[in-house]
Amino acid sequence: MAKRKTSGRRHPLASAALLILGLVVVGGIYTAVDQAADAQSPSHSEAALTAADGEALYMANCATCHGVDAVGTEYGPTLVGVGPASVNFQVMTGRMPMAFQGPQADQREVMFTQEQSDAIGEYLQTFGPGPERPDQEWLDTSATGVDVANGAELFRINCAMCHNVAGSGGALTEGKFAPNLHNIDADHIYEAMLTGPQNMPVFNDNNISPEEKRDVIAYLHYLDENPSAGGFSLGSLGPVSEGLFVWIFGLGSIVALTVWLTSRPN
Amino acid sequence: MTAQHDADATPQEHAVETVDRGSAVTQSDSFSDPGLPPHKPRQTDIHPAKEKRAERQVFLWFLLSMAGSVFAIFAYFAFPITEEDFGSVRINNLLLGLGLSLGLLGIGFGAVHWARQLMSDVEISEDRHPTHGSEQTRARAVEIFKLGDEESGFTRRSLIRNSLIGALALFPLPAVFMFRDLAPKQDAVEAISQTPWETGTRLAIDPTGTPIKASDVTIGSAFHVIPETLDSHAHDFLDQKALSVVLLVRMPEEQLHETEERKGWSYNGIVAYSKICTHVGCPVALYEQHTHHLLCPCHQSTFDVSDGAKVVFGPAARPLPQLPIAVDDEGYLVAQRDFTEPIGPSFWERLDHIDDEHPESSARTEDRA
Amino acid sequence: MTTTRAARKTSFTSKASNYLDERTSISGAVSFLGRKIFPDHWSFMLGEVALYSFIAILISGVFLTFFFDPSMTHVTYEGSYVPLKGIGMSVAYHTALDISFEIRGGLLMRQVHHWAALLFVASIGLHMLRVFFTGAFRKPREINWVIGFLLFVLAMAEGFTGYSLPDDVLSGNGLAIINGMVKGIPIVGTWISYFLFGGLFPGTEIIPRLYSLHIMLLPAILIVVLGIHLVLIVVNKHTQFAGPGKTNKNVVGSPIMPTFAAKAGGFFFLVFGTIMLIASIFTINPIWNYGPYDPSPVSAGTQPDWYIGFADGALRLVPPGWETEWFGLTFTWAIIIPIIVMVGFLMLVAFYPFIEQWITGDKREHHLSDRPRNNPTRTAIGAAGVVFYAVMWAAASSDLMATHFHVNVFHVIYVLQAALIFGPIITYFITKRVALALQKKDREIVLHGYESGRIVRRPGGEYIEVHEPLDEYERYRLVTFETYEPTKERPNAQGRISAGVKIRGALSRWFFEDRITPVTQSELEASKHDH
């Protein structure tokens, strides 16, 4: 047939498909190499450090933005009275030191060991005391009296508007965002509530008590441990991902079926 | 249509072609229709072996379908839901669903495969006729209506005809009135213009109802607040909660910009605003402690809590209503009074319910208008 | 042995048929419908997708009604989902959770119901686009287009009422938004909201009321309207694409009995099976995450289902401050204007067939589907409409775009506001040019043949690519289409040109000024002589 011959040459989309394939391959190799490089970075453990070590670390890594006496500069807020809880959260989740100035500190590779972070926290207490890191008691979600349902309700009222009911995160104003809360360590969840990092409000112990904070952690960990009953969760983003899915994959596969159904076999 | 159609059209069809063709172009020397291309037989038409194979494939699909349906019943019993086991729900959903899917898809693929490969694929042509009825039926229809009119006197007896039309027009009206009781007798505007906040009502934490001391509210805090008395509304708890939810935040006093009229409405940098968006009524609760912006997750209206909750972005038109607060003898935060304006989305009669003693908010909106 | 069995079997079927016909005269229906012809093209199956997903919705919906109780009475949860144990909620939400967690296959049926609903409206949308872009709405099918449009609106209404039933935080906030929108309607808004909710929002009436609409009133209307839609398809017969042997006066394809029946029947199982497969593998609307409705909480990413997205997006695109207070009354333009824009857009869609017919003045029946390129202005209008809708739709997910592409959500809105106005205009011009270019290409192919890819060297040293002529069937496919010319504005009996005629003339010029006519025989002859 004439028609077949006219399109006998390479399909116009072929080059586009090839280009995409190339990009995917290059990207994949880059990621693999990048991860391999990361794996080689040394993770040496050190003996207990003192506030003096903390001072040295502070001066070397933090003072540029937060000032030598921790009162802050135009590049970073004051750290007087923030406390070890805040330092541990910011440093041990990889938010500090900040990669670059932006609307909000992005998470990246953790730069310090736990001991180094604790030393900085201890050093900062000398400028003005702030909240200490939580007791292990408040992080143990298997303790008796932990109420997942209470945690879920508190989460919906205090957290879900920014972080989404399933902890999938959400947008804030002017490029800021509430991060997703999947697979976060109990102490980091606790410290975030206690200290209000970045633009997150503070939830002190009078607002959400330590027991209640433990319930919230228990609920978040329940979500991590129990994948959605209905199958793949499509990112738990709500109706938008469901709508996209039904248009692209649902209707897409059905249109493919109609093409097969109405085609003439050889 | 085109020339060749006119050429081989019968006289009857010519009558159809006289319908107004509007601005369609008539082409004199367009191509003539070569007719349907010759039919090409399929592989299954030519080779009996391929036909046999296709038959086996169809059989296999139907067999798979049977297996799927049987498996669904098996899965129903073999993978029950066990109490408090989230995973068992997932397994039940997955396996039962896969069985049913196979049962359905097997029939579908089998039937379509059968039709494509084994049933005749010779294209058949069927004539179309104009959609309207034939001249005879049309004439008969007109005649029937005429007869009906004559025999009933529908046109002649205009009095009874018109009274019938009147009766038919009136009879559905009672039904419209019967919908009156969809809502209670209380005035709608009154009902949505008052909230449970009264002078001296303590601010309490949502959902526990624990009253809040001013000293509990540290800088940077955000409290989700209900009136302490909310529990007394047993029968309309959610309705009253929808009117009265408040967000309480504290910021450094020097960052709080207050108008003269509202100087006394905050306490040590603690301010309370209605949580119900003035756009269409979602709870606005995404508070950023450093920018003091309050964002609505539904339509991205953004309010500046440090500046009277005025709108800085989004479709909302008015600031959030502020709840005037004070501290009682025991140090608990209390409301000075109810909101001075209706909370939530705008409505037609809204201005009737703005407190005249506190015209600040309406003055603000009038400035803008 | 086998022959007797066959004989007995035949005689049983014939006896049964005879029995039935003597009581129902069904042979008349069989002989009328049995060998009716249905043309084969993949895009003609899209309406069937809608029909079959609707059947899947009905089947799964009936299952759900046996277990769902729409009451808003307050109870304490005692089911097996741990993070809600002991929490107060409505009976509606409790039973929706029980369907998910206590009843085997209950969650599956819920997911089938919801996925099928999304697919239902999506396939109606795609079906409407097919009908629009191929001009299959022209006489005698204008009424069926309007009926189909009605089905689209009913499907959205069914979807929204269903979305609201679980009484969780997501659906409750959806109702809060509806409440806010209704209140913004001038004069009657406050009272409509009051009657709808039976008092204050949320009240205790709305879920049972929506349930009555969702399972009784709306499906009843939908089924009746759907029946009319299908009857009219039989009466009008299906359109077909022009081609050799396929004219305005016939319909070419396979007969209902057996080929089309097998394909369409099999396709029902394929559609239902696909929905079932999706429902068994992918979660939809995990209501247990959202918790019972409470006016205080809200979730980031609060969106309606996709088909209401355009309305949500239209609300999001309004700039701040659209409200005026005149004579002590509040005019909420931030709500009124989006409603007017959306209703206006939908009305244009509903009445487009009449507008186009008025412009062309063509009163003939059209049974041949246009290729979209052969009516460039209509195709461009359709593409502009699609972009207009898509921008509103995209706006409903502005927050998710911001988080996923790491951009400022305010900027997303600004860009979409600009796109809402300029997007359709740019799309219109691009689409029209592309359609005209494709028509030119078709002319080229008819006149000069297709490029064979074979390069030969001429005796003079010149290289040329050999063009092969088309066969008559392929050529006929490319030259059979209708063209129109702009109407002339003729004065009436009084010698005046009325405003209506002027408008029509202007619209006609807009539609048909740029046009490419099909190749005629003499043109082809002339081009042959050139070589």
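We call the chains A, B and C, going by the order they appear; numbering starts again at 1 in every chain.
Note that a residue touches a chain if its C-beta (ideal position, glycine included) is under 8 Å from a C-beta of that chain, and two chains touch if they have at least 3 such contacts.
Here the structure is a predicted model, which means the values were calculated and not measured.
Student: Report the chain ID whose CA centroid sits closest to the centroid of the full protein CA set.
Tutor: B
Student: For the interfaces B-C and A-B, which has the higher count of C-beta pairs in contact?
Tutor: Between the chain pairs B-C and A-B, B-C carries more contacts.
Student: Report the inter-chain centroid distance for subunit A and subunit C in whole angstrom, where each centroid is the mean of the CA atoms.
Tutor: The computed centroid separation for subunit A versus subunit C comes out at 39 Å.
Student: Counting in whole Å, what is the centre-to-centre distance of subunit B and subunit C, each centre being its mean C-alpha position?
Tutor: Each chain reduced to its C-alpha mean, subunit B and subunit C end up 16 Å apart.
Student: Once you find the CA centre of subunit A and the CA centre of subunit B, what distance in Å lies between them?
Tutor: About 32 Å, centre to centre.
Student: At which residue positions does subunit B touch at least two other chains?
Tutor: Counting only residues that touch two or more other chains, subunit B contributes 86, 89, 93-94, 112, 116, 121, 206-207, 224, 283, 285-286, 297, 300, 302, 313.
Student: Could you tell me which residues belong to subunit C and also touch two or more other chains?
Tutor: 40, 82, 100-101, 107, 111, 263, 266-267, 270-271, 274, 279-281, 294, 296-302, 398-399, 409-410
Student: Listing for subunit A: what residues touch at least two other chains?
Tutor: Only 153, 157, 161-162, 170-174, 178, 228-231, 261, 263 qualify.
Student: Please name which positions on subunit A make contact with subunit B in the complex.
Tutor: 153-154, 157-158, 161-162, 170-174, 176, 178, 196, 198-204, 206-207, 226-231, 260-261, 263-266
Student: Touching residues of subunit C toward subunit A in the complex: what are they?
Tutor: 40-46, 49, 82-87, 100-101, 107, 111, 115, 118-119, 122-123, 126, 169-170, 263, 266-267, 270-271, 274-275, 278-286, 288-291, 294, 296-306, 309, 396-400, 402-403, 406-410, 445, 450-453, 468, 470-471, 474
Student: Any idea which subunit B residues touch subunit C in the complex?
Tutor: My answer: residues 1-2, 5, 13, 16-17, 19-25, 27-31, 33-37, 76, 80-81, 83-86, 89, 92-98, 100-112, 114-116, 119-121, 123-128, 130-131, 179, 182-184, 186, 188-189, 191-192, 206-207, 224, 226, 236-239, 241-243, 245, 275-277, 279-283, 285-286, 297-302, 311-318, 344-352, 362, 365-366, 368-369.
Student: Along subunit B, where are the residues that touch subunit A in the complex?
Tutor: Going by the criterion above, the answer is residues 42-44, 86-87, 89-90, 93-94, 112, 116-117, 121, 205-207, 212-213, 216-224, 249, 283, 285-291, 293, 295, 297, 300, 302, 313.
Student: Looking at the complex, which residues from subunit A come into contact with subunit C?
Tutor: That would be residues 1-3, 5-6, 8-9, 103, 148-149, 151-153, 156-157, 160-166, 168-175, 177-178, 219, 222, 228-234, 236-240, 242-247, 249-251, 253-255, 257-259, 261-263 of subunit A.
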